[in-house]
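What follows is a group of structures, each given as structure tokens.
Two complexes follow with chain A in common, the first pairing it with chain B and the second with chain C.
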Partner chain A sequence: MASSVPDSSGLDSSGLGVRRAVGFVAPALVLIGIFLVFPALWTLYIGITNYQLTGPAAANPRVVGLDNVLEAVQDPLFTNSVWLTALFVLFSAVIGQNVLGFALAWLLRSASQWLRRTVEGLVLLSWILPSTVVAFLWFAVLSRDTGTLGLLLGSPETSWLVQYPMISLIIFNIWRGTAFSMLLYTSALAAVPPSQLETARLVGASGWQTVRDVVFPHIRGHVLTNTLLISLWTANDFTPFLLTSGGPNHQSEVLPVLIYRQALESGQLGYASAMSLLLLIGNLAVALVYLRLLRRRA
Partner chain B sequence: MRRTKMFGLLAVCGLLAGCLGQTQGGDQARNADAKEITLTIVANAALGGKNARGANWLQNWVIPKFTEQQKAKGVTATIKFEQNGTGDEDFKTKVALDLKTGGGGDIIEIDGIWLGEFAQAGQIKPLDDVVGKTDWDGWNQIPKAVQGLGEFDGKRYGVPMGTDGRVLFFNKKLFAQAGLPADWQPKSWQDVLDAGAKLKALGVTPIQLNAGTAMGEATTMQGVLPALVGTGKPIYDNGKWQGDSSNVKDVLGLYQKIYGGGLGDPVLQQEANGRQRSFTLFSENKIGILLESDYFWRSVVEPKNGVAKMADRDAAVGWALVPAKTSGAGVGGQDFVSMSGGGVRVINPNTQYPKQAWEFMQFLNSAEAVKESLAGTAQLTQRQDVNDQVLSGDPMLSFIAEKVLPITRYRPGLANYPKVSAALQQATADVVSGKSPDDVARAYREAVVKAVGEENVG
Partner chain C sequence: MSPLWILRRIGFYVLITVVLAFFAVPMLWLASAPFDSKPGLGLRWPDWTLSNVSATFDHPYTLSSLVNSLILCAIATVVTTVLAALAAYALSRVRIPGRDLLLYLLLLLSSVVTGTAAMVPIFVMMLQLGLINSQFGTALVIAGGMLPAAIFILKDFMDAVPRSYEESARVFGASPWQVLGHVMLPVARPGVATIFVWAFVNAWGNFLLPFLLLRDVGQQPAAVLLRTLYDEGGSANLTVIPVFSLLYSIPVVVLYLFVNKRYGFRFHGGIKS
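Moving on to the complex of A and B:
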């Protein structure tokens, strides 16, 4: 398919020879094939059937074509879920984690060593703890009657996860994921030439002006990459299930939770697979937008 | 090049197509004479946790006894007990996934109401197909209605584990404070609401009628269905599921009166662990009236092993029949109503040892084993001979046997039932969150039509 034939040194820079090179790559390709390509195709296929976990359609699934996809886009549960996912990504990742992560990285630059280490340690801790443990802790904080937050604010009758489910999830996810943005921005800020920061200081630029006119142009690529990654992670995050299970009454049912509940609680494997496909397409669209922005910069 | 890719893709799709669905079957006599066997029993029970008594019985009585019995016959039996301690819906998902992938234990305890969908999926098979001859003297001891829990489409799939009945439990201490009688027996829904209004003055939650999707089947079984039979018509009647009938609207109206009128706690219904919390609140004297099955008496507020122990249960907890909407308005012209269900033990069609699994099943359901499983307490077991001995010692359970079972109804054992049940749960969730019963009934009808087809909705 290549339009021009490159010289052999260009094709085989390591000098392995094609056969040996293939031998080296093969195990990785097999793994990718088994654990990535096969499940993906499998999901695509199930998505065009009426396959179910139990009942007659489990024994004899039928191919229904695009019916599942058409049904999904008209399903109020699905549109509700898309909207909630968009809110979740926008507020917890694009705005929350990004801003807080950058703010921490920027402010800790000039902080004393021990303060920086302590804060970084705490922020990292919230990132590396297992989800189940974290969910349990947040349950203890947000539940009714004996929840820590309710006791602190003097309103123990408030059940935060039930009365403010999306806000709770958004704050939770900011807390949970800020560490990555903080780390990324910390190293990005190290790449800003100190001489430029010094010049900005000498000409009397305010903190915000410095960030906007000196720092940001240097780290724009990092911002985009970071936003892309955390958006995709958040859109696919299943932890909300551990906190609210999508409830109350679907008010916090982000897409991964909806898909799980449709597939395993309602047993509609085919329908849920079609929804997964739509989530995948959504993710690809978001990724494309970011990649275009990145390219425009270049 | 492109063509090979297409062929590759097609080949993969073809392979995948072959994997969906399942066809299994085996020789019933496989390993019939094995000298070394391994059997696993799966139950939603855990030592020191959910259904602790059943778990304890399996682990510390059944397994040693059965192993010993087999040893006497020269067979080395390894019996494993796979414990679970989770919500019923999660357990069902797990069992379905196990069976679907050809795994799972040899004997599985499931809710009788899941039988239809598992059977239609081919994930469980009629006992006769799995193990061959199923003659057993125990069948004579199991009443017909209870045997029905283990049957689907006229075929026997498993052995039931007993049954239950639903009543209104109430806290006598709160009732005394509110000036209500200790031998309370409401005659209509209005009587219950009136009692609730008096309890409200005490600052407690007057009534707990399960609602919402978070409680799953507990909402249907301890909420909607007992109320619905109280309007005179069960959910599945004359071959049709009820749509937005006046009966369904009445039930949703009852929910609105309770949760819109300050007689119930709407937030509790929506919490992820609401049911368990409602038990705890009842045991802490913070809920006045609660609709539950005798499970509540046996395993929840039970003073020693309950999940929400009440040391003074016998003195503090009263019970009353669930009234119809008004006297005589219940199904079959009854004044009082109830709903019943029960667990079933089935044999996994993929078991390596069908003959021994059936032997184990008979052992589990022998009079000796069933009596032992009660550990000195009472319960409506599957066996009449055991019930005759144990029930007289417990006023609550004999009440269920004598007064509730004669008037009770069972859920339709159809594969579509769980879908209708889910729609009912959603409908109550909508009412609790403030929507009008009429709007909710319309949405409910749409959901049922989508689930079972227009022609099956009345």
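Moving on to the complex of A and C:
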């Protein structure tokens, strides 16, 4: 992607010149440097101190080396959280959003205009509404006594977010994020040559065979891109905090929620930074594997 | 019209109905609860009233928080769009030394360093700079987080603009600024509009950063106030929450309808395989 458009022989059609071009890029880079790169690097430093929000360690943080990281990987709260985050990403993003997004793109391709617009409109709306509003919409679905799901299933005494917190979060996140996969697969499907689909139909291939043997080879790159992006977004999503705040009893405490609670509620800034660092390394590892796969294909 | 064909049509419509219900049912609350005399966390046919609306306007912080959202969002969106357009243009047209490495790093940064992963250092940095409770500072943090992706998407749009346009403008003696203002930006307008809307929706809905960095209720945007209305005093303020949720959602919905009508909600080759 980065170097997909090679410069033609006319090196600089705009007449900007290198110096002015640097001036154009600089303001953006300064902001990115201060608010993104610097914090990321600083995580490294805070992560090896015993820095706290209040108390003696707030004024004079002491360097404790890798103790925080070692403590984190042995902390049952942290390992529990990593496990929950993995479940959350696997079931809501890699499987849920991917499959539903593709299914919608595939099924709606031949649907009538108004049906297509209605479905796409609703799916997109669930994607763009502010997260705090969306949290209330789902309280109304999942709450006890008056919740819509309880009424539909005839079990109003079930408090879904308390009794089944992780399953609720997974279903919620499929609802919240499928739009992106649907949009991406819709544009990917447009690139599959219609003649090949026609051939598949003529030889009597079933829908599943067509998807597997004709469509999938064309959109493999899109599947990879989509899976990477939605996985990273889901692993770093803070909305679970709005729905369950990690509870009850840490049962839905995904990493972003754990980091927030350790840093701001317990005041353990150093320890929380070490966890952030592990999350950053996880993100980086996933992104690098993806870029390598992409390059091998190219 | 074989039986199999009919069976498959039925299956198709059942599936689509289930999906439609899944996506629509949660949203019905936003249509019913604001106008119900006894709004609750649940769905029912409302006992119609407008008293919740006046209660919402009487609340001391609702309107000011919407104004705060607008300020925060306007700064973040304008900064992101302008800086990303300048950077994307220069990166698209000029081979600055180290450009490919820079683009590669930006791509990594945009997906790897997230507000959640960097929340502790961002909080500590703003605390030490004395920028806690500063709307401008918070807006810049939000903009900094959006910039890498914005530059990337815009560069794709700018790459698609034929170079011959600028070359002919320059033959007629246009300065680089004139080329940018009168040739590039009008041609790349769908791209700039995409980034503008994308940045606006993101900044408008952002909860974590204002929640971390704006601790004073007078400075907080609607996203944070809505959460406070839920937590405050141990029980949710259900007369105000539904109407306020609706008011807070309107700008995003209007923007969505506008984009949908004007450009259509599609990926225009912005994402390549």
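Just so we're on the same page, the second predicted complex is superposed on the first by the 280 of 298 C-alpha atoms of A that agree within 3 Å, B and C clash if a C-alpha of one lies under 4 Å from a C-alpha of the other, contacts with A are read in each partner's own complex, and residues count from 1 in each chain.
As a convention for this text, a contact is a pair of C-beta atoms (placed from the backbone, for glycine too) under 8 Å apart; a residue touches a chain by one contact, two chains touch by 3 or more.
The structure displayed is predicted, hence computed values, not measured ones.
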{"item": "Contacts of A:247 with chain B and chain C, given as first, second, both or neither", "value": "first"}
{"item": "Partner chain(s) touched by A:99 [first = chain B, second = chain C, both, neither]", "value": "neither"}
{"item": "Superposed model, chain A: greater residue contact from chain B or chain C", "value": "C"}
{"item": "Partner chain in contact with A:60 - chain B first, chain C second, else both or neither", "value": "first"}
{"item": "Partner chain in contact with A:42 - chain B first, chain C second, else both or neither", "value": "both"}
{"item": "Touched partner set for A:264, first chain B, second chain C, both or neither", "value": "both"}
{"item": "Shared contact residues on chain A - chain B and chain C", "value": "1, 38, 42, 46, 51, 264"}
{"item": "Chain C partner contacts - residues on chain A that touch it in the complex", "value": "1-5, 7-8, 10-18, 20-22, 24-25, 27-29, 31-32, 34-40, 42-43, 46, 51, 100, 104, 107, 111, 115, 118-126, 128-134, 136-141, 143, 145-148, 151, 175, 183-184, 186-188, 219-222, 224-225, 228-229, 232, 236-239, 242, 255-256, 259-260, 263-264, 269, 272-273, 276, 279-280, 283-284, 287-288, 291"}
{"item": "Touching residues (chain side chain B, partner chain A) in the complex", "value": "1, 9, 12-13, 16-17, 20-22, 89, 93, 96-97, 100, 114, 117-118, 120-123, 212-214, 267, 270-272, 415, 419, 422, 426, 429-430, 433"}
{"item": "Residues on chain C engaged by chain A in the complex (per definition of touch)", "value": "12, 15-16, 19-20, 22-30, 33, 40-44, 79, 83-84, 86-87, 89-97, 100, 102-104, 106-109, 111-125, 140-141, 143-145, 147-148, 151, 159, 163, 166-167, 170, 176, 179-180, 184, 201, 204-205, 207-208, 212, 222-224, 226-227, 230, 241-242, 245, 248-249, 252-253, 256, 260, 265-267, 269, 271-273"}
{"item": "Contacting residues of chain A [partner chain B, same complex]", "value": "1, 38, 41-42, 45-46, 49, 51-56, 58-61, 144, 159, 161-163, 244-245, 247-249, 264-267"}
